[in-house]
Amino acid sequence: MVNSKPKIGHNKKSFLDKEIKHIDITSFDSRKIIESMGKMSFASRDTANAARIFNEMIKDKKCSIFLTIAGSTSAAGCMKIYSDLVKYNMVDAIIATGASIIDMDLFEALGFKHYQGSQFQDDSQLRESYIDRIYDTYIDEEQLQICDKIICKIADNLQPKSYTSREFIREIGKFLKKNSKKKNSLIEIAYNNNVPIFCPAFTDSSAGFGLVMHQENNPKNHITIDAIREFRELTEIKIKSNSTGLFMIGGGVPKNFVQDTVICAELLNKKVDMHKYAIQITVADTRDGACSSSTLKEASSWGKVDISKEQMVFAEATTVLPLIVSDAYHQQHWKKRDRKNFSKLFG
Amino acid sequence: MVNSKPKIGHNKKSFLDKEIKHIDITSFDSRKIIESMGKMSFASRDTANAARIFNEMIKDKKCSIFLTIAGSTSAAGCMKIYSDLVKYNMVDAIIATGASIIDMDLFEALGFKHYQGSQFQDDSQLRESYIDRIYDTYIDEEQLQICDKIICKIADNLQPKSYTSREFIREIGKFLKKNSKKKNSLIEIAYNNNVPIFCPAFTDSSAGFGLVMHQENNPKNHITIDAIREFRELTEIKIKSNSTGLFMIGGGVPKNFVQDTVICAELLNKKVDMHKYAIQITVADTRDGACSSSTLKEASSWGKVDISKEQMVFAEATTVLPLIVSDAYHQQHWKKRDRKNFSKLFG
Amino acid sequence: MVNSKPKIGHNKKSFLDKEIKHIDITSFDSRKIIESMGKMSFASRDTANAARIFNEMIKDKKCSIFLTIAGSTSAAGCMKIYSDLVKYNMVDAIIATGASIIDMDLFEALGFKHYQGSQFQDDSQLRESYIDRIYDTYIDEEQLQICDKIICKIADNLQPKSYTSREFIREIGKFLKKNSKKKNSLIEIAYNNNVPIFCPAFTDSSAGFGLVMHQENNPKNHITIDAIREFRELTEIKIKSNSTGLFMIGGGVPKNFVQDTVICAELLNKKVDMHKYAIQITVADTRDGACSSSTLKEASSWGKVDISKEQMVFAEATTVLPLIVSDAYHQQHWKKRDRKNFSKLFG
Amino acid sequence: MVNSKPKIGHNKKSFLDKEIKHIDITSFDSRKIIESMGKMSFASRDTANAARIFNEMIKDKKCSIFLTIAGSTSAAGCMKIYSDLVKYNMVDAIIATGASIIDMDLFEALGFKHYQGSQFQDDSQLRESYIDRIYDTYIDEEQLQICDKIICKIADNLQPKSYTSREFIREIGKFLKKNSKKKNSLIEIAYNNNVPIFCPAFTDSSAGFGLVMHQENNPKNHITIDAIREFRELTEIKIKSNSTGLFMIGGGVPKNFVQDTVICAELLNKKVDMHKYAIQITVADTRDGACSSSTLKEASSWGKVDISKEQMVFAEATTVLPLIVSDAYHQQHWKKRDRKNFSKLFG
């Protein structure tokens, strides 16, 4: 419950006393709820329709499925949903913000936790305790700095050349195979299953801090991140797949980046189809003309998304995402699906 | 143009081909989902917290529970949720918009239906077919006019004097006992269980049309609606209950009206407590200063709502309401609860 | 905790130290801004388009203009805009929430003030000081109770029969002519100019408190509010006008009520046109199916609003309303417009 | 006005018949409006408060001002506002999405235009005409592809090594000095005034298409974009400035990136203050935990933004940004301010 009263004798420990537990979509079966919602209206019907389209993607054996993640749902209890999507072969490539992958997923893989907090908390008290707040969720800033340093250390041990974020995250996967405290992080499971992870704005995260330190420590011999080649890589997956579906949590750079692969392929004179299926869960307001909130119909004017199988779900993702993915898990169409192993495309 | 694929050869029937089916919260068990959401963050945790507070209200035998309904969730597939809340003794009085009770609940009790439509449909085509649209939901306007006329007829048969909306809706309940085509409407179940229903802006609905016709047909001898006495009646329930909880779907007049009973009781020199429990589900934006969106913390500044057990859930209600009520149903605390029979208070 | 810096030595006076000053749309000329916005996109173009349609209404001499007010913009600094709209003959009838007319406009006419506050203030401290909060605005609750009592006193002095809210508010106008401390309240100016004011959910406000006290003090001989006849009165204005325009601030009951007059007229077998012009300023989210947020296109499916001259402006009204009305004031089309004097329709 | 009727005989020209004209904030004086808004409540007061803080930044001679741009306001009529902010020395560095700088600003510098369209337009018709839609704004896709190719050509002519987006945009500035059709683009004016522009997710835009083509055409000898060094560069500006203010339009990567410079500086063992002033205009919903919507109070928990001089303005930027900047322009504090010439920092 939201607490209006200041914590008496507050100190770091009292702020960080309730760990976020990530929801397990295999522990309940949402099929009946989703089926019922499909007969209703408003956001419930949109949710059910998104679930239906997601199941269609999974059933369509030719379709490659891209998961995009923006926002902080990984911190907020959806982290296991994302790794389960890989584990149960429901996504083939991931495009995410650096924060989702580094600050949240790697962070927990290192054994750290997110905590339940309050959006009404006086932030100056948090500041004194070195606690970072994401809406109603707390993070120990000292632990986050360890995360920065791990990134620096991984970079220090790499051959100094240019990497795509996908390549670098693959190196993190290798690191975690040996060093992770929490097994089953998204990075590690994706590594094991050859599901590539792209972070098109990689430095805009804890990774950025680590990599700046790395370059500072190694002024002559350091790695760089080549975001151009990375876009080419993702486009290669689009070209190889042709038939594709998008499952988008939030908008941001990941949404735009994956949609743009259609255009990029065209510019490379490769004939590809628009993304055939597309669903997005967002609370963004369409009226500001930002990409995060732009409808999938709008994307179709750009030739990026096919209009026939698309669904926007205007909802805060933590409420509807567990229902959609639990439904898909229990529908079991993923059992008949081959792994795409896209990581192998790049050697 | 709005519609990307106009219905070819559209006619009324083709628009009205998919009935809304109201979700049955007894047909699935959301307890595990709600429990998991309680360990997450953002709107999922708020949803779980609202469920917890609702269960507390039900367990607290002294507490009278007010359900308020604004918006169009009854049309959108939540109609059975509301009647189940009465059937399973989880609410003791209802304050609603006229539309929810007359245009939607009475409408379906008369055998009419709501239909799945599209928010992208060209409205001029709907207009030609006499179809009314609520976002993505369709209504046959000719059927709605029958609903207006039933109201007129019921009024014509009443003794010409002033009625509160509660009294008038009770007369509709009597009418439905004999004439309803769909049993188990909210009005009929509430009638059977002595749960009073108030519509503080009663004429702002199909009831208004029927009652204007009634007065027009009976210029000298007609009924009136006394909204002042009605406020006094609702306040009487607050006074008799003292300990109260609010379960609010949307905001609007119902939300404000029931909160105001605390102030009204004080002005009548009755000592009552603030509402002890309060939850609200809404998509409204707090920043416009409207009551619909005002937080429950704000209400506490007015002395209306106790701050300790309140939860705003910012979500479109059709997505989270089924989860909250299914949880409460399966928790079964309502089994140990006596009916309050507030309708009997007024003879 | 909510407040990051609690007021030290806070007391009532320190909370109520900054009066809201109502914006004077004659003191600046927004024509150039509106003209520029008309060449842009997003909400600025919508704002300019709304201004254009409002000017069209004013130029159209046959058109009667209805202003609807929901939300708390009167408290937030727009009170003078509304009275200026009457003073400069830009609206012919008003439909508002009880709060806008009684708790805010009458309240200030009695000499009381609204104050600048903070949405981050701890509400329990406000509660202790008997201060009510509307988002970031404060009200002295003791003064509000005086307002309740004035309503009671006015009712006590009336002949005990049924009144429409319009009739009752007209009586308040008479009272203010003699007793107002602040001249130029909306009620008083509307009274002077025969502009009727309707509050379809009148008891859902400070008026409700006063009128309940009145009935309690006069159990046998008291007034009632006849909301049915009131709807008939407003419909009569629609019938007499035929050509009509809507200028809607927020949604709620006022929006729905005025739109419904078209249907009501039809049911009375009077041939009327749909509302020819319609603009609405709101922050409401269309996706919840509530009337407040329903688009004007949706209203056209109901046969209420003509689709050709309508504009939704999705903005918090205090930011764009001053621009729209200042533009209309300086365009001066109102100078060639006759007063409709609708109050005289009812004797 | 929004047109519900399909364009008869629509073709590309008929869709692209109304150019967006960018608002000129020197052509009207908003000081009186802003002053009045400061005495009101809700979003108008927030707007006035943001204007006040922006003027404080400008008056504070030690303060370096960062402008961040996300969303599509440049396309929507605010493009001249941004170049005027540089022209009149009110910002010292810019952090923007690639789309704002390349797809919009460079695009118009090349002589192309944005057009007024409709959010209700059938996108499949636009697709057929090769028109891209941003909410209610249209772009000629063939022209946008020319923009891609210009980027490719500029890259082809550069020495093959790693560049920061700042360095690359500076090269575009040089190119425009010779080749621009529209003078006074943001890129060109920033180039002339040594105001660096950073695009931390540079490839997520038309730039990405051009640069992928460049690498494809030059498989061995091509440029790369080093986003790590770029973050280091921006951090250097923070370190050199110490006292800083943020003027943020939308959120996204630019917002997060500039806020993170405080942390980055600390990790480099440089003692810097938090950003002293911060204002953000956004329609984002705080409740999803995304950075775009995170409040500036939340940012203070991370040690990024000082809590004393911050203001969130929840509004669609095209409505309030012209008022804020026109006020600052006419306040003229910029006249006493020295240029920072940060581009010179990097040789």
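Going by the order they are written in, the chains are A, B, C and D; count residues from 1 in each one.
Everything below uses one rule, namely that a contact is a pair of C-beta atoms (placed from the backbone, for glycine too) under 8 Å apart; a residue touches a chain by one contact, two chains touch by 3 or more.
From a predicted model like this one, the values you see are computed outputs, not experimental measurements.
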Quick check for the class: compute each chain's Cα centroid; which one is farthest from the centroid of subunit D?
B
Could you compare the number of C-beta pairs in contact for B-C with that for A-B and name the larger?
B-C
Centre to centre, by mean C-alpha position, how many angstrom separate subunit A and subunit C?
46
Between subunit B and subunit C, centroid-to-centroid distance (C-alpha), Å
25
Inter-chain centre distance, subunit A versus subunit B - centres from mean C-alpha coordinates, in Å
38
Going by residue number, subunit D touches two or more other chains at 4, 41-43, 72-73, 75-76, 123-124, 134-137, 285, 287-289, 297, 307, 314, 316
Any idea which subunit A residues touch subunit B in the complex?
1-2, 4, 20-24, 27-28, 30, 32-33, 36-37, 39-45, 47, 72-73, 75-78, 114, 116, 134-137, 297, 307, 314-316, 318-320, 322-323
Tell me, which parts of subunit C touch subunit A in their complex?
1-4, 41-43, 122-124, 285, 287-289, 314
For the complex, which residues does subunit D have touching subunit A?
70-73, 75-76, 99, 119, 123-124, 126-127, 131-137, 141, 145, 148, 162, 200-204, 208-209, 211-216, 224-232, 235, 250, 252-253, 256-257, 260, 263-264, 267-268, 282-292, 294, 297-298, 300-303, 307, 316-317
